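Listed after this line are the structures, all set down as structure tokens.
Okay, so subunit A shows up in both of these, paired with subunit B first and subunit C after.
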Partner chain A sequence: MKKSYAFYMDASRCMGCKACVIACKDGHDLPLGLNWRRVPECTGGAWAEHADGTYTQNVFSYYLSVACNHCESPVCVKACPTGAMHKTEDGIVQVDATRCVGCNNCAWNCPYSAPQLDKSKKHMTKCNFCRERLEVGQKPLCVAACPARALDFGPREELIAKYGRANIAPLPPASMTEPNLAVVAHKDAQPANTRKPFLANKEELS
Partner chain B sequence: MKKNHSNHGAHSVSRRNVLKFGVASGAMASVGSLGLGSIFCPAAQAAPALPHEDFLTSVCANNCGSTCILRPVVQEGRVMRVDTDNSVEDNWQEGIFQVRACPRGRSMRRHMYAPNRLQYPLKRTGERGSGKFERISWEEALGTIAGKLVECKTKYGNESICSLYASGVQVGALMRRESFYRLMNLMGGFALGTSDYSSAQNQYGMKYLYGQSGYSGNPTSDIAHTKLAVFFGLNITETRMSGGGLQYEVLEAKRKGNTRVIVIDPRYTDTCITIADEWIPIRPGTDAALASALAYVLITENMVDNDFVRTHVQGFDASSMPEGFAPNLSYKDYILGTGEDATPKTPQWAAALTGIPATRIIQLAREIGGAKPCYITQGWGLQRQAAGEMNTMAVAALAALTGNVGLRGGNNGDLDGYSPGVSPRLPAGTNPVKARFPTFLWLRAVERGTEMTALRDGIQGADRFPANIKFIWNYAGNCLVNQHSDINETRRVLSDTSKCEMIVVMDTHMTASAQWADIVLPSASYLEQPDIVGPSYAMNTDWLAFTTPVKPFFESRPVYDVCVDLAKRLGIEKEFTEGRSREDWLEYLYETNCRKNMPTLPETLAEARKVGLFMRAKNRDALPVRFADFRNDPVANPLKTPSGKIELFSPALHTIGKTWELEPVLGNRIPPSPQYVATWEGFEDKEGKAKFPLQMITSHYKGRTHSHYASVDWLLEVMPQVLWMNPLDAQKRGIEHNEIVRVFNGRGEVRIAVKVTPRIMPGVVTMPQGAWYKPDANGVDHGGCANTLTLYRPSPLAKGNPQHTNLVEVSKL
Partner chain C sequence: MMHYEFALVLFTVLIQFCAGLALLVWLAGVHNYPALEKRLWRVILACGVVALGGSTMHLANIMHAPFTLTQVGTAWLSREIASVSFFGLLVLLRVLNVGGNKLNPVIALVGLGTVYVVSQVYRVPAVPFWNTIGTELGFFGTALALGGAGLAVFLHDSKEAEDAPRALSLAAGVCVAGIMLSLVQPLLALQGGAAALPEGSLVQTLNIAHGLGLPRLLAAVLGGFILCYGLVRGCKCNAMVLIGFALIAVGEVAGRMLFYAANIRIGI
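After this line comes the complex of A and B, so read on.
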């Protein structure tokens, strides 16, 4: 069994700058409308106006940085009709472009919408954990890019044992796919099973 | 050892240099602890590129206050992708860590090779501002410019030739603005504004309070040495998000000190997300009201540091007032209501203005008064206001009252003022023109420069400005149109070609300003010219980069080369170049500046370029505490104020307040002490609010630096230009999240998508500054450019840009 990895993100450090998104886009030459890594903004709280012209509020906000989580139970793999989407021996979920018909079934099933159709290439694409960089002992582009040092990666078992799997809104409950994403929660983190519409930047998540 | 795949690649040179400098690569992270912190070391142990890739060393040199290392991966002279610094192990404690670029710098490839990148020199063919141009040769462009320079000098004098304030290239020895300055100084001088668009009101306020023009605070690393830090409007996490800059430092310092941080801001900024323990929303322009009420509680609850105030402060109360002034002009009299306005600045008084409940103001005062030290600091948003000088002074006054000045872990209430390193610049020479106007008033100088006086317009070096501006050189800047207040007013003045007769814009892209040029010159980008670069003014890492360029885009050229060609035409080539080629200048500056300051650098520039980047540890805790000498002995070490003390009452301001000629509008006055001033288009402008009830600020946005990078589609896709609006305000207007709305006032209209978010307080909207102006035929802007709505009226003292003071209305289409 080859060494397999999980992503780690410290949401208490993430400032939502999106250097990870752009480093990934540049490094993997992704077209407009397609970003393998995305930064959801989770915002909530309300305002009360008082008679003396003052306000009180309980506003909170935090960011997460999320790509493919190379899940233990990758529903995208199950949903793929051609076997193009597969999990390799080292735990990376990837697309075999020669077998992919671009039907989008994987994307519809993935609760993180991680696989994305590259319309010009006519097949699904997704985060490959920067396999080519891992192979030469370098960090994934997003990890090396993070100005706040909020992103990291490491041995899957160790990280998951220490931090558990991401189970924070606006992400889906971890039980759905067992994501290999370890998250240090922000102080205002909301549980994943909340029904409140906390996702505040849907239009930025192409 | 990997194959030597690049003549600049780190792999090929790192080990040799490591040995040469006596620092093992593994020890890089701990140079500080080895006592080698002051030595510049080659920082090339790690390489970001994959084994088959070639990469160069370069930088992002824009004006965020940081400068980041870029490592473009290149193929046949073209950038294939851009990596950033990973050359040392992060060790913030020791003062050395990776200068990781933010998304703006990371988008450099897209920025460089964009469809709106300028390829050739252009000359205007339609009306000015029509955006109609035709390609011309460099020969023709430079001939036209040189001819017009001579004509303007002869006809109108050197004062008629203006180099407009611009900050698109903020670092570098040869790629900055000095080339043109040098050229013009050799030609007899030129018109140049004083101060800037960043912090004019802060600079002036601090000058009268502390005798120092801004940048006077302790390093933000001091947060680690206090239990309480209060940020008035400081938003380093969106403005200075470099991984080698302040956001990283504050993040680490807060953790190290387990410091409680309170952020006071109309917006729940990204700084609130990662740094703040508490957010206190405040109405724009009312910071001085909050500060005054905090002072009221500090005074009435006996939390003033009386010992410090007695010996270090002038004009706190009647006992420390200078002779010849009524005792009740003191700061304390103003606060307690025994002064001229007879209004006690109670928490209840401030609550109605700021929107902050009185109980919270009282608690905050007790927190500040009970902590010692307390790190009180401020950003520049609260000073970029109609009475910005008062906001900036009133906040800083709190540090004086509580005796936090000159303490480790304390602060004087100003922004971090430490520049990290020294890097060379082309000598600009001396400007024979002594008369200067405030930078923000350049447009006034176009229309009626000769009417501008010292008392009315803040002219310095003369009683009256001697000329109208007839020629504008605008290199790497967007203040000509986009970043200057009231675009419709700017358009009115600039469209008359008999006023400013020639506008030259040299830039990398077809900016909103370039659209208004008569001649457009394509500039080589940061990555397309060799240079020597150090960190900018707001970083906490120290390094030097010796950059190696890729091929310039089409016919784009470095500004230095362009100025040499202009010098030839003006007959001053010899004086301009001193017989040096561009490369000769870099070698000269390397020897006389870099090597002189840092003798551990390699003997030649060529060797330094092979390494690319050199770093040295800089433990900011080892920096001297600002004002510590003054604190210890104010008599022996006086401030540069007239009294040598902190002046809570300034006789100089008192005189200015009585003698300067100010436009008679609400709030256009200059009190002698830090006071709250209700202003035009502020919260208390009832008349204005009857028509335009929302206060609009123009906050900085993480998707760009001012207007730089504003057109990069990769960035716009994930950080679109939107107006922030509170759900309560949206509801009242039937506005829904993400719909396109009209934002308007008497000066203009913008159509823009709205982000309905509780992260901005009710009654306030923000249209982040810097988005590019895109007017339709009716003058309605679809680019989200905030200056479509701002007013061109300077602040009273600094004559600075009050671009956060605006009233607007927002409605559905």
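After this line comes the complex of A and C, so read on.
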């Protein structure tokens, strides 16, 4: 059986520079509006004025770097009517462009918005873990580009056993799809089921 | 701004109309009026063809459409296409008068099954507005509302079925029940959304929906009232019944546009 990988992200090191986003977009020559990797900016908290005229605050800010998490239970694969979206032997979820009808059903089902329609190519596209680079022993482009070394990848079972699956807002609860994304949480990270709105770059992500 | 794909609005509403009308053809015993029955099957087939044709506008690569029948074992969307195709084939047999009216109950049940299968495509755990029993109720509601109203229009217009009070009452009753079911959907959807989505998303959705929500409600209620009034009064003029049908149809289309606009997901 082939080795399968997971992404690893240390949110306490990420500064939100988005070098990973740009490296992915550039390396895969993605058109305007398509980003396989994205960085949600999470901010929250407030300043409180006290009776003695002093202020205290609990404001926070943290970033996550998210692409397709090549989930253990990929809902996109289950929803695909053509079999174009499939999980390979090495655990990578990828699109077979020769079968994809571009119905967007995978995109509706994925809570990470990983599958995206490339209108010029007329099929869905998504992160393929830089399969072509892995095969020659290189790191995925996003990992190689991270200046803070916040993003990494490694053997799936080892990383998930050590860090667990990402269960941090604004990501969905890990139980939905069992993402192969291990995250070291930022000290202010909010739980995945929080209902407080704190996504600061919603327009950029949508 | 409201985002929806009109191809899917057209497809789902028309297919549900076809299924509802096929159900009413069986329940109301329309086979007793052969000319009317023939006309109705032709209407159902025509609407089905338009629905299926329209749905392909939503696909990025129509050349790969045959592959959509390959995942019937796992994907509800694949089952939807198979189910709609089977329903269409049965209606075509009826139009060609193959199998006689013994096929009517089979077509009606396959139609109901198709409505259920279509509803399951939208039972997406990541979309709380859709992932409620309201989706099934709303889709069956549309089928009954439009099927009942459609049959009322054709019965009222038919000389052959001039004296068919039972069928007319059934059509009107099913139509009103359908409208009520259909109006339950947004309430259950809001409940589902309120329980799972961030507060901001909920407010955003309500802001989007309020512009079309009230006209949708008014069209459905007023349409149902005008249709029933036209039937009860024994009005010889078809205009009232037709206006009632048109308003109900507008209400259902507006409701479906709101449904698609509520595609707001958990996560990013």
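Points worth noting:
In this section, the second predicted complex is superposed on the first by the 198 of 206 C-alpha atoms of A that agree within 3 Å, B and C clash if a C-alpha of one lies under 4 Å from a C-alpha of the other, contacts with A are read in each partner's own complex, and residues count from 1 in each chain.
We take it that contacts are C-beta pairs under 8 Å (C-beta built on N, C-alpha and C of every residue); 3 or more make two chains touch, one makes a residue touch a chain.
Owing to the predicted nature of the structure, the values given are computational and were not obtained by experimental measurement.
By the touch criterion defined above, A:H50 lies against subunit B but remains apart from subunit C after alignment on the C-alpha atoms of chain A.
Once the two complexes are laid over each other on the shared chain, residue contacts for A:S12 go to subunit B alone; subunit C is not touched.
In the superposition on chain A, A:K78 makes contact with subunit C only, not with subunit B. Legend: residue contacts after superposition of the two complexes on their common chain; A:P170 is shown touching subunit C, with no touch to subunit B.
Set against each other, subunit B and subunit C differ in how many residues of subunit A they touch, and the higher count belongs to B. Of the two partner chains placed by superposition, only subunit B is touched by A:L32; subunit C is not. When the two complexes are overlaid on their common chain A, residue A:A185 makes contact with neither subunit B nor subunit C.
In the superposed model, A:V143 lies in contact with neither subunit B nor subunit C.
Once the two complexes are overlaid on chain A, the subunit A residues touched by subunit B in the first and by subunit C in the second are 38, 205. For subunit C in complex with subunit A, the touching residues are 58-62, 64-65, 67-68, 70-71, 74-78, 81, 121, 124-127, 196-201, 263, 265-268.
Residues of subunit A touching subunit C in their complex: 38, 40, 66, 75, 78-84, 98-105, 108-113, 117, 119, 122-123, 170-172, 176, 194-197, 199, 205. Those residues of subunit A whose C-beta lies close enough to touch subunit B in the complex are 12-19, 21-23, 25-27, 29, 32-33, 35, 38-39, 43-47, 49-50, 52-57, 59, 61-63, 132-133, 136, 138-139, 144-149, 186, 200, 203-206.
Listed in rising order, the residues of subunit B touching subunit A in the complex are 48, 50-51, 81-84, 86, 90, 100-103, 106-107, 109-110, 237-238, 241-243, 247-248, 251, 268, 270-274, 279, 281, 348, 351-352, 354-358, 702, 713-715, 717-720, 726-728, 738, 755, 757-759, 761-762.
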